[in-house]
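After this come two complexes, each holding chain A, first together with chain B and then together with chain C.
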Partner chain A sequence: MFAFIAKRARNAVLLLFLASVLCFALVVSAPGNVAILIAELRTPTATKADIAKVEEELGLNKPLLERYGFWLNGAIHGDFGISYKTGEAVGASLKSRLAVTATLVAGGAVVAFLLSLFVGFVGALWAHRAPDVVTRGSALLGASTPSFFVGALLVYAFSVTWHVFPTFGFAGPVSWVLPWLTLGFLPAAVLSRVVRVGFEEAMAKPYVLTAMSKGLSRTSILVRDAIPNIAPTYLNALGTQIGTMVVGAVVVEPLFAWQGIGDLFLTGVRFRDFMVVQACLLVFITFFIILNVVVDICITLTDPRLRLQRS
Partner chain B sequence: MQPVRPLLKAIGAFPRSAVFTICAFVLLGLLAPYIAPHDPNAQDLLVAGQGPTLAHPFGVDHLGRDTLSRLIVAARTSLVGVCLVLVCAHAIGIAIGTIAGYRRGWTDELLMRIVDVGQAIPSLIVSLAVIGIAGVSYWNMILALALAWWPGSARISRAVAVNTMNKPHMEALRVLGASPVRIYFVHLLPTTIGAVLVYATADAGAVALAIATLSFLGLGIQPPTPEWGQMLVDALPYLESDPRQVILPGLTLTLAVIGFNILGEAVALTEFRSR
Partner chain C sequence: MSSEPILRVKDLTIDLLTAHTVVRPVDGVVYELSRRETLAIVGESGSGKTVTCFAPLGLMPVGVQADISGSILFDSRQLVGSDNETLRSLRGKSIGFIFQDPMSALNPARRVGRQIAEVAELHLGMTARAAETRALELIKMVGMSDPEIRLKQYPHELSGGLRQRVMIAIAIAAEPTLLVADEPTTALDVTVQAQILRLLKEIQSRMNMAMILITHDMGVVAGAADRVMVMYAGRHAIPRKQDAIGSRFRGLPGVPPILGAPITGCAFMPRCGYAVDACGERRPPFLPTAVPGVSAACPVLNIRAKECA
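For the complex of A and B:
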């Protein structure tokens, strides 16, 4: 088991290195001179001497390899340089916005988890009857609806018409509900299909027939025998969907005026603020790589066959 | 004609509902300028925000533009965008994939590792990063989405190319003395393009959604060109007084995506069966 984790961790570090090279290359290859941009940010009437001073200060006149080392060293310690647009330290704004995005994705994941299990269970318990047809239809619809449209509909229903939740903002649990639902809706639809199909397959296995002949109820077979069987598949899908939700934060945060990392990334993209784009890209990719490793370890832990094979 | 044949065969096996939706979408896109009842950008502030009337069956938006016409013309915007992205992405993907599949060895190893990294990053993040570096414009959006979509195409192209290169007629061609250029351009490339065209149709829904999402974020299609995502975000401030202008583009977009998604599932299933 430890050997397996070590191997996965080594691969992850290798991928992280590649990702950092990619992020660095992206900004180096960007059109326009970074030193001129920063010098003009400080004094609009920057002269050649000012630009040279900025180059000296940020080490922009050094060879590429040295610059990469300098940048990577800073990034590891949380220093991502300063934003060309606002002049703020990118690392500090990332840190202050982390909590918002974490709240959003964690809430969305809980919504997706609960909703998908509920819908999947309903479908499995009343297989091929009305509740199953309705839940499966809404799952197909949900998986194809763009999240910004889901958000707009939720705002219209719950804020404009019924005045239950605020339209936007990040002020206490009441204002968190709609963004959570918006973000969790699509993953819930996808995951509920995983649960539904998984149960269908699990319930067709011979051991279910044995359990039924012993007089166990359908519900207790679902809970005791089918759940451990679908757990690895479900966890895998849940991991993918958490990744999707982090990407979804880029769309949902501006919709509800939340100042998270997704919003920061978007602002960076809009104003071509390379340092912000670079830092956010690195944070996103790092998150995906770590998520992949965690999901892999979780799957191995929940699946006895894989546990045996990989240890 | 050779590359198109597998696509035509596949369309015959697709679910009717999906084919119907896609055909409606394509027809709408092709004929948009002829069937749109009004100029999609003609403003009439006197009727702004008005509900459905005989002249404007879906109402008008906050600038008094006819919603039905804008929805129809948006189908064209979307269709052109999707086609451009798919052509660019598959051009890069097929080139990389067939070279990897033809050369094998370390070229294959290197190219496929690049594809791995490309596929590990979600497409929206890739396209946002590219737009962040290159700037906001129509062609940058097409470029960004093509750069986000090519790795998938390269992987499929490589699989098809490897499969084709292992067939006996390739061996025969080599024995007959056909040059590598001839083998690559006359025999390998057309076969690969044919097989990949089928997969391209499965990608169309995701690309259409990505274009709408980028436009929603203000980074894709710019106003006043009608596009579903951009129409939706345009009407969002008026959600309270005129929810119709938000719901209609959203519904149209969802319908198109559902059509493509059903198609995509059918493609995945048939390809899976034929293996």
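For the complex of A and C:
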């Protein structure tokens, strides 16, 4: 088992390195000269000499390989260079914004986890009866409603009508609830179907007949026999959904005026602030790679057959 | 054999209702079973052997409903018409079950020790730790080597024979008075079959259990059964001491009838080379045949008997 984790970690580092190359290559090959952009920002009548000076400052006149090495070395130490637009260190703003996005995605993931298990369980316990039909219907509706619309509805209900939660802002747990619900709603709908279908399949298996022959109740069969069997599938889907939630954060952050990474990335793209774009890309990719490794390890831990095979 | 039967089944008829069809796999079955006795139920595939034993105890595949009539007295308790909770309290505690395919009957995602122990927890009111000790005892009792290691293993780490031993351990964990074994050796290697059958007999006599052995293997019947009930198309021949059937058992060509449509006459008629008109008119009653002491529900043999007399 330990060897398996070590191997996965090694592969992840390798993949991260490749990703950094890709990030760098993408940004370097983007059209437009950054030096001209910055020189013109400083003095609208920038000359060739001004541009050359900017290139010198940013190290843009050096060979590509050297620039890459310099950038990578900085990135490893948390220094992602200077934002072309604001002149601030990208690393510093990344840190504060990472906390915001992490709060959003972590909360959304918890919402998706709890809600999907609850809804899926209700559906399985009252299979093919009213609660099942209702939860299935709402899951279908939830899975096909875009999050900005869900967010708008939630704001209308809880902020405008009932004044329970603030409409926007990042100021303490009360202000976090609506963004969490907004981000977690769609994944919860998708995941609840995974739970429900998983239960349905598991409950038709011969080992359920064995469990019934032991005299176990339907609820304990669901908990003891079905859950261990659907756990790997569920964790896999949960990992995928957390991945999509990072993408969803790009939509949900502006909705509640949160200064997160998604927001940073969008402004970076808009202003061709390549240092910022590069840094955000790297953060996203790193997150996805780590997520994949964690999901893989979790699946292996929950599936005894895989555990045997991989250790 | 002990005097008072533990199980008295009378006129048991079962209709299975699925979304689209109604079938009658069990039609007027009668038998009795005492402690320490083994009844073998034999018959071709689809002759209603399994349903006879499983449906009255609420063990049905998902989406199938059973309509049960007649009478089943188990330990002088009436099972027909009992609610689900009553049946559930009997399952595992008073009646243990062993299934045909140990490959799929055990939960692949749980350690076998837990799967055995939970029965002791549920029915003997044991703590998790006490139940684990009980599971260890049971694993030793069913003759598995390295019991401590086996407890921690998963089904896929065990061979078919070992898995069936685990299944037996589960079935007897709460010391039931009746053991229902549904083709317990069919899915196993021939060499293992004999071992498992011997183990079953041994445990049966040690625990004073009654056993119903569902099988289509006449070898199993010869080796293990005290009495035999032959089923065909949901009906049965009168159960009798096993030596009377033994070598005189013969097969018929063709396949059993579909049970969707009610059968008015003799169920064997479509496959029987000797059939006469009387066979199709009504369900033949058990009457004497030309052989003294042997009765049969067969107009051909019954008429012969009358002519001889």
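The rule we apply is simple: the second predicted complex is superposed on the first by the 298 of 311 C-alpha atoms of A that agree within 3 Å, B and C clash if a C-alpha of one lies under 4 Å from a C-alpha of the other, contacts with A are read in each partner's own complex, and residues count from 1 in each chain.
Just so it is clear, a contact is a pair of C-beta atoms (placed from the backbone, for glycine too) under 8 Å apart; a residue touches a chain by one contact, two chains touch by 3 or more.
All of these numbers come straight from a predicted model, not from anything done at the bench.
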| item | value |
| --- | --- |
| Joint occupancy of chain A by chain B and chain C, clash or fit | fit |
| Superposition-derived angle with apex at the Cα centre of chain A and sides reaching chain B and chain C, degrees in steps of 10 | 90 |
| Touched partner set for A:L266, first chain B, second chain C, both or neither | first |
| Partner touching more residues of chain A, whether chain B or chain C | B |
| Partner chain(s) touched by A:T145 [first = chain B, second = chain C, both, neither] | first |
| Touched partner set for A:L308, first chain B, second chain C, both or neither | second |
| Which of chain B and chain C A:P228 touches, first, second, both or neither | second |
| Contacts of A:K205 with chain B and chain C, given as first, second, both or neither | second |
| Contacts of A:F284 with chain B and chain C, given as first, second, both or neither | first |
| Superposition-derived minimum Cα distance between chain C and chain B (Å) | 23 |
| Chain B/chain C common contact set on chain A | none |
| In the complex, chain A residues that touch chain C | 203-207, 209-217, 224-225, 228-229, 231, 302-305, 308 |
| Residue ranges of chain A in contact with chain B within the complex | 15, 18-19, 22, 26-27, 29-31, 140-141, 143-146, 148-149, 152-153, 155-156, 160, 243-244, 247, 250-251, 254, 265-266, 268-270, 272-274, 277, 281, 284-285, 288-289, 292 |
| Chain A-touching residues of chain C, taken from the complex the two chains share | 58-59, 61-62, 88-93, 96-97, 99, 101, 104-110, 118-119, 122-123, 154, 156-157, 167, 170-171 |
| Chain B residues touching chain A - in the complex, by the definition given at the top | 117, 120-122, 124-125, 128-129, 131-136, 205, 209, 212-213, 216-219, 229, 232-233, 236, 239-240, 243, 246-247, 250-251, 253-254, 257-258, 261 |
